[in-house]
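There are two complexes below, and they share subunit A, which is joined by subunit B in the first and by subunit C in the second.
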Partner chain A sequence: MNASLIGFEIAVILLGLGLLMLDLWTPPERKRGLGLAAALSLLLVLVATFVVPMPQDATGFSGGYVFDPLALFFKRFFLVAAILVLVMQTEFADRIASGISEFYALVLFALAGMMFAASANNFVMLFVAIELITVTFYVLTSFQRGRQASLEAGVKYLILGALSSGFLVFGIALIYGTSGTMSFPEIAKGIEANHDLAHQGLFLLGIVFVMVALGFKIAAVPMQIWAPDVYQGAPAPITAFLAVGSKAAGVVLLLRVLLTAVPDLAGHSAKLLMTVSGITILYGSLCAIPQRNIKRLLGYSSIASAGFLLLGLSALSLNGISAILYYLGGYLFTVLAAFLVICIVMRYTATQDEDISVLAGLHQRSPLLATSLTLAMVSLAGVPPLAGFFGKFLLLKAVVESASNPDFHSAYYTLGAVGILGVVISLYYYFGVVKAIFWSKAPADLSPISLSLPARLSLYACIAGMLFLGLYPAPLLDLTDGVVKAVFK
Partner chain B sequence: MENALFYIFAALTLLFAFLCVANPFSRNPVTSAMFLVLTMISMAGLFVLLQAFFLAAVQILVYAGAVMVLFLFVIMLLDIKEEERRRFNRFAIALGGVSVIGLGFILFSTIRESKVGAGLKLTAVKGSDTAALGKALFTEYLLPFEIVSVLLLVAMVGVILLSKKDLK
Partner chain C sequence: MNIGLEQYLIVSGLLFCFGLLGVVVRRNLLIMYMGLELMLNAANLALVAFSRFNNNLDGQLMVFFIITVAAAEVAVGLALIVALYRKRRSAHVEDLTTLKL
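Entry: the complex of A and B
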């Protein structure tokens, strides 16, 4: 046992508990400020991940918890996401009738779950971390009790989440029953020692069931049905955290299971991954076209992004995994910028139906908001020189490189073509949003929107992130390459 | 003997579980909850056959006892008649049926062709299974065990938030 390994998680959980306690002594009018205090404290934790010397590659808690560069990368990723989400929540606070400190504290507990997920090295940790994230999100999605859409989102997420948990437990049981161990490295060793295991139907079925459950987390077809409704109904900051944090947690667990526990099988599952990836990209892109609700549109866009992330996984190369990490880095700033803008605009809008038309004339109401949202949409669409372009470019490059594999020669080219088709289709609906901002007829409301300092700083941070990752990809690319080479030799 | 008992308990578990979710005779949620109790008890029988006596006892005490009492409380506090009147959607039944049959077919055919447990080295539990379970929980699985406590806290906070009448 090595308790110092989980220092960052302990800090986050203590912060959450502290917030719940502080609530008792804080007068109601100052409770909103607790979110900013929590964001600042998380910033300290983030700084600590750079300052405190941590081991390069260590396992603790009987091998169930691993602290390696991949875990550290994702822990920092989740911390950055949570800081921006907390700022967003303080902007959202006046729309929450009650329980604002719990609103912040639950996000911190979900963050702790994600950080544990980044380090999961056996199936028990995987399950517990996923459940901590999901159960917290059940509560958070239905947080606006007065709104029917929010409650509907909560119930849908609960029922489909329970179904996917069922698949996960059943899958883990089958894997444990056939391999006799829960630990990822032990399963890999077991397969090496006994190749029959890798061809045993029940074992494979277990792996597929676990993949189904993780596919639910990242919203990949055929487990994507919940995404649009839940994204639309949940409070905007929660949708943002769901789109970034929960999805990234699914990705890191998928990487761990497929590449640490069953590296030999990853080759067998290439066809499955390719099919799912292609269908997910097309489904997300095509269904987004008729959407008028901005959060629902981003829900479908998030499904398409899940397809792109799987693109990197189906390339079965280190470059593909490195591209996934890079894409997620850009995706973080892009999606959070978009939701921050939506959250602020909705605060100053009378109608609550979140139709794209409320964005009309945004460049006159607040140039910074209009710039951020435009850059976010352009980056999501994958237009150079923004972060989203480079992420998609690296993913497609990894797929085309893998086409030299003679077994799947044409399959990889087809997949690459599907990816490019998805990008082209997505241009249409992302630019629909840009069009709504600048070129819509007769905007009804042109009252200026004033931004608070934390919101402005967060928007600057997101814009800087999008531009930096698009113009100077080298630093992050070196980092992700290093992470991938260190972890998946 | 053990084999026969296994098949009896397994069949009962499946039968009661089916009656719990799709009872053709009664749409009363209380009946469903009672069938869930019977499902838990038959599963406890399966645990006994695996010589996991502690788990079997816990299954009956905690699940069939405490948890189900809470279930019944909730059902009786809610408006039950609403549930009885609701009609099934034909499309949903068809889709659900197809998925169940498909999944069942895949499971059945994989189980038939695979040698379950072949090449697996099982170590017998030394001493009582209660001690072994406690030891595993507090050594090997200590961290997940502690994370579950955070999970329970989250669930508690969530339930209070979502059900309390007026929070300030």
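Entry: the complex of A and C
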């Protein structure tokens, strides 16, 4: 047992508990500022991940927890996401009736769950991390108790989330029963020693059940049903955290299970991954077209993104995995910029229905907001020179490279074509949003929007991230290549 | 008759299917939630049986985690359903229609 390995998680949890304590001594009018204090403290933890020397590859807690470059990459990813989400929450604070400190603290607890997920190395850790994230999100999604949409979104997330947990635990039970162990590396060893295990019906069923549960987290077809409703109903900062944090946690767990526990099986299930990925991209892109609610639109766009992430996984190459990490890096800044803008605009808008039309004339109300949202949409659509373009380019490149595999020659080319088709369709609805900002008729409300300093800094950070990752991909690409090579030899 | 692993697994599989059926078929949120709990308990039974027949305790350890997490999930879940009931005076899924295209 090595408690120093989980130092960052402990820091985050203590911060959450400290925030709840601090709430008791803070006068109501200043409680809102606690979010900024928490964001600053998380910034310190983020700096600490660069400064504090950590082992390159260590396991602890009977092998259940692993600290390797992949874990570190995702821990930093989640920390950045949480910092921006906390800033977003302070912008959102006046729409929360009561319990604003809990609103902040729960995000910190979800963050701790995500950081544990990044390091999960056996099924017990995987289950506990996933549940810590999911149960926290049930509460966060329905935090606006007075708003019916929020409650409804919470209940829908609850029922479907609990359903996926049911599949997850039953899958774990079957895998444990057939392989006799919970640990990912041990399962891989078991398969190597006894090849029949990988073809045993119950074992395969277990893997499929676990995949279903992880598919729920990243919102891939056929477990994508919840995403649009929950994205629409949840408070905007929480939707952003769901879109970025919860999805990335699903991705890292998917990588760990598929590539550490059942590497051979991942190779055999290429066709399945390709099919799911293609359908997810098309479903997300096509269903997004008629949407008028901006958060719902981003919900469908998030489904399409899940398809793109699976694209990299189905390429079954190290380049594919590296592309997934790169895509997530760009996705973080892009999506958070979009939600930050939505969150601020809605604060200064009388109607609460979040229709795209409220964005009308945004460039006159606040040029920075309009620029951020435009860049975010252009980046999501995958237009150069922004981060989203490079992520999608790398993913498609990995797929085309894998087409040299004679078994799946045409399948990979078809998948690549589906990916490009998805990008083309997505241009239409993302530019619908841009059009609503700049070219809509007779905007009703042209009062200027003033931005607080933290919000402005966060927007600058997001814009810088999108531009930097689009124009200078080399640093992050070197990093992701290094991570992938170090972890999945 | 000698009760072996298979019998336990059959019962556990049946429980899982009944739970799933409850979630899919019933329209009352509380009943659906009971179905979900049944699915978790099916997994618990399978884990304990596997643990006994694999001769290691990892499975039973996992059961403790599942029970604890399920308790937390129920606490949050019932609170949510009650909050929704207060607002809508209904616990039926057909009434969850605010969020639609």
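Throughout what follows, the second predicted complex is superposed on the first by the 489 of 489 C-alpha atoms of A that agree within 3 Å, B and C clash if a C-alpha of one lies under 4 Å from a C-alpha of the other, contacts with A are read in each partner's own complex, and residues count from 1 in each chain.
One rule holds for everything that comes next: contacts are C-beta pairs under 8 Å (C-beta built on N, C-alpha and C of every residue); 3 or more make two chains touch, one makes a residue touch a chain.
This one's a predicted model, so the numbers in the text were calculated from it and none came from an experiment.
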Check: A:166 contacts which: subunit B (first), subunit C (second), both, neither?
Finding: second
Margin query: Contacts for A:135 in the overlay, against subunit B (first) and subunit C (second): which applies, first, second, both or neither?
Written below: both
Next item on the list: Considering only the touch criterion stated at the top, classify A:155 as touching first (subunit B), second (subunit C), both, or neither.
Entry: second
Next item on the list: Based on the superposed arrangement, let me know which partner A:205 touches: subunit B (first), subunit C (second), both, or neither?
Entry: first
Next item on the list: Would you sort A:124 into first (subunit B), second (subunit C), both or neither based on which partner it touches?
Entry: both
Check: Which of the two partners, first being subunit B and second being subunit C, lies in contact with A:176: first, second, both, or neither?
Finding: second
Next item on the list: Go through the superposed model and pick first if A:143 touches only subunit B, second if only subunit C, both, or neither.
Entry: first
Next item on the list: Pick one for A:53: touches subunit B only (first), subunit C only (second), both, or neither.
Entry: neither
Check: Who does A:27 touch here: subunit B (first), subunit C (second), both, or neither?
Finding: neither
Checklist line | Contacts on subunit A seen with subunit B and repeated with subunit C across the two complexes | finding: 124, 127-128, 131, 135, 138-139, 142, 145, 177, 180
Check: Where on subunit A is subunit B touching in the complex?
Finding: 1, 6, 13, 20, 28, 60-62, 64-65, 97-99, 102, 105-106, 109, 112-113, 116, 124-125, 127-129, 131-132, 135-136, 138-139, 142-143, 145, 177-180, 194, 196-197, 200-202, 204-205
Checklist line | Sites on subunit A touched by subunit C in the complex | finding: 123-124, 127-128, 131, 135, 138-139, 142, 145, 148-149, 151-156, 158-159, 162-163, 165-167, 169-170, 172-174, 176-177, 180-182, 228-229, 232-233, 290-291, 296
Notebook entry, point to check: Which of the residues in subunit B come into contact with subunit A in the complex?
Noted result: 106-107, 109-111, 113-122, 139-144, 147-148, 150-151, 153-155, 157-158, 161-162, 164, 166-168
Item checked: Residues of subunit C defined as touching subunit A within the complex -> 9, 12, 16, 19-20, 23, 29, 32-33, 36, 39-40, 42-44, 46-47, 49-51, 53-54, 56, 58-59, 61-62, 65-66, 69, 72-73, 76-77, 80-81, 83-84, 87-88, 93, 96, 98-99, 101
